[in-house]
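Some notes on the structure that comes next.
Chain naming follows the written order as A, B, C and D, and within any one chain the residues start at number 1.
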């Protein structure tokens, strides 16, 4: 056997609740034992549109966090932006609806064995998995700062409860409608220069991940980012979700972000080649 | 009990359900969801001589009841395939059909030579829907002469040992004549259909969405085209085994292609929506066959071609 | 305000939205649901020399995001068409594109001759996706030489008065060369695409479902094929107006085909799901164009082909 | 303008109720003023599968009856057999759901100006429009007998209220599970021979309609039947729903059952040519 997709399974889950939070929907799904295999960074692939749908591919969503004991047993939370027809369908599902999902999928954020100073950077709904991650890091004795950014306040996802595990939470919006005006990446060079960060965990739009990678380049800061590429299968069989990644010897290959990601080492992703193809193999 | 077994050339398979090339990667990824021994065979992603990065992203766009992909045959190359992927499949006791692809007629023969001595292969699928670099990038499968020459080269290299399945493109004016050509050149079976040449324009960038501009349409949208292709070719070449594919997502779809003339069914895009789809389809097919009084898959192959009885005619 | 007007040859239309041939009958049936003056033109059902019963029923099967039809050009024949259907359309002040179909090259010319003197016609669409009885039933549109000869005959008969739109089939290996051939022969515009040859097997009778066995696939399922066809042909023949069609069911679909290179859009199967679809699509298109800063449809035609700017490349 | 599809319109209707009756669903839709144009024999074309459906064609259903004044204004009743995915979707719609429909479509049963002896013959859900028709005929002073048939009792649709307008109601099932065992067509020759029938109105499977046409052939009995052919558009623009019909001079042409039907003169339908094509035009 292999380790790929290990402990992934398909499940028909029930919607426990669906609340609007800013411009997102916070959707809680009853998934039972499945929570035991879910780690921060993993994602779920959801069938959308119902039985007669013309949509044939699953949609990927980060697992925001899981709860092992709830009134309904294990549950999983998703933060969903109503974007196109699939995510809108999901956001329209009410309590009691059933959802066909496959999880947990993909790689998880690496958890340091020592207490480190961690900076968690989230863009838009990218903050979703960071709160679960913060909890784990906090339990390991890490110092956890979280910087969240978005174009506008309605796109900042930062639940009250989530803040418990975080030492500092800063919010940046481009229109200044919440927190400070500006980009979430702007303060990072200063933090690094001041030696306040050992590891950056990031999740959000690709340009944000790319910018962070460029910022940490040359420093000792480790950068683990959760990438987001268009996925047809989510389980490694279609090769649509690839991006160029260098191995330790500098050989570049097109890695699948669904099984070799979504969490990747930011320093190995060849950001300038994303959407292009590397030089032909020798 | 339904006898599910099927044959293509001298290869025997316990089930008519196969993965589709490029839709199961090397097999490892699906093993969490299905037992690879339960299906007819794993048809591997088309492998080329050298490792390849494939096409730039985005590589896919969903369309109504379908998707368009332009993967561009990303893969590790034949040597890595033979030293890593194939032995793993063999160790799992999966039956394997290796799909090969080339940019020149010579490349196909080279690939065939390497497969000849590899153990554990049931058949070779020759994906000729590739641009022919020696002839203005014209796709082999769209050129009757080039198609024939590819198969001829592979046949000569392989000798009589491994069955050859030539995989054809539906993007041609006269599919039957291409089919006849490759059969004359030594193909034991035909795989029908590869994806349909398509394009999606991104309404934000207002340019072709895929990195490779054009791509191949697959999924339920193309099923009626696949049924037509299989029916036409089976009508013209009733004794040539057909591995049918194109939009099969349920047992009813598989049966439709079998009635049209397919001896085996490859499940491609449906596995993206559900990695265990092939097993569900297999179970549904068994049920549908038995409800109709068939005791074997073989009885249903091409059944839609039977002559009209007098009683039906009145 | 968006300038919606478009031209094909010397014909001017106030809107780029047209009915699709065979999907609006003679126009009367839609008049309860839409104002025929509001759309670009009614493209009539292909008319032949003589009245025709068409193919036996069943004539349609729904498929995922599509349908397969085999109507077989049922119609009243050109004389009845000219004495009843056309005058009615003219009396309604609808613009009219008459679609003609024949079984011989001569039949097309005969039809063209009768249209020449008929008042109120904006253009002639020549449906060459018909079996050529003089050449083993090979569809004209699949034969470069026959395609050319049909258009040549129609051109000579019509003289320079009426624009000729040659309607092509996607079921060919090399669409661009067929397009070039008919343009050389005198076509002013091209209609892309006709339906895709398909089949559905009925799982109860276990035979082809349609009375005519094979049929044509239409609807959203084929949209990616239509986009590719339009893009390819516009790339090769940027100055030839294209009437685009194939699965357009919303303003976004219409815009996709326009960006690929269509100057006009025919709405076919979508009208079956909603007889007022064409008006909804027109309104959605206006909105989408204005959001993108276009002030006319003309600006958007073929926009997906514009050269990549440096800034995008980085 | 033309008379084709006159008074047809598209409407988003609300489901007032959806009850299971035997093997059918009795679905009541709130359609407001539209009821004024609906006559027995007309049908409705319904969009199925919801917004993201892979089903692109409407489904046709006979209008079982309309009520002009209800608690919700005008309403329309349908009797739907859950057959394939479209009709199953419709049967699954609950109170309050919205339904996209076009109605009234097609021809209606001709109503005699004089009081006649009418026999209404229904097969399966084909009885649906006959109860509304019976009411109209009764009000015109006609004698109305109704014979309903089906393979089994669960497929007989015969609502209590409907029986008010009917003088005699007889039920036939092939398995004998309800009413008399046998086919609904069996007693008809006797009735005709006894001169008890002036007009037969029929609705049901094509073989039943065909059998009745053959029975009345040669007699003076008028036969109005509502045919059922597969329809892509329902409004006359696609030519899929045709069947061969002779005019008074015996010229056969392929008529559209959506606009020249569904109610047709049974003596003019060329039953032996249905599914074939007539001789080529001279």
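By definition in this document, a contact is a pair of C-beta atoms (placed from the backbone, for glycine too) under 8 Å apart; a residue touches a chain by one contact, two chains touch by 3 or more.
The structure displayed is predicted, hence computed values, not measured ones.
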Going only between touching chains, how few steps reach subunit D from subunit A? 1
Decide which interface, A-C or A-B, involves more C-beta pairs in contact, and give its chain pair. A-B
Return the distance between the CA-based centres of subunit C and subunit D, expressed in whole Å. 35
Could you please state the distance in Å, as a whole number, between where the Cα atoms of subunit A are centred and where those of subunit C are centred? 47
Quick check: how many Å separate the C-alpha centres of subunit B and subunit C? 33
Enumerate the residues of subunit A that touch no fewer than two other chains. 54-55
Residues touching two or more other chains, restricted to subunit C: which are they? 64-66, 219-220
Specify the contact topology among the chains shown, as one of line, ring, star, complete or other. complete
Applying the document's contact rule, which stretches of subunit D touch subunit A when the two form their complex? 48-55, 85, 89
Residue set of subunit B touching subunit A in the complex reads 22-25, 28-33, 45, 50-60, 62, 64-67, 69, 71, 74, 77, 88, 92, 211, 219-220, 249, 269-276
Contact footprint of subunit B on subunit D as seen in their complex: 54
Of all residues in subunit A, those that touch subunit B in their complex: 1-2, 4-6, 8, 10, 47, 54-58, 102, 229-230, 232-244, 253-254, 259, 274-278, 280-281
Note: in the complex, subunit B contacts subunit C through residues 61, 63-66, 68, 142, 171-174, 196-201, 203, 206-208, 214, 217, 219-225, 227-228, 231, 247, 252, 255-256, 259-260, 288, 292, 303-304, 306, 308
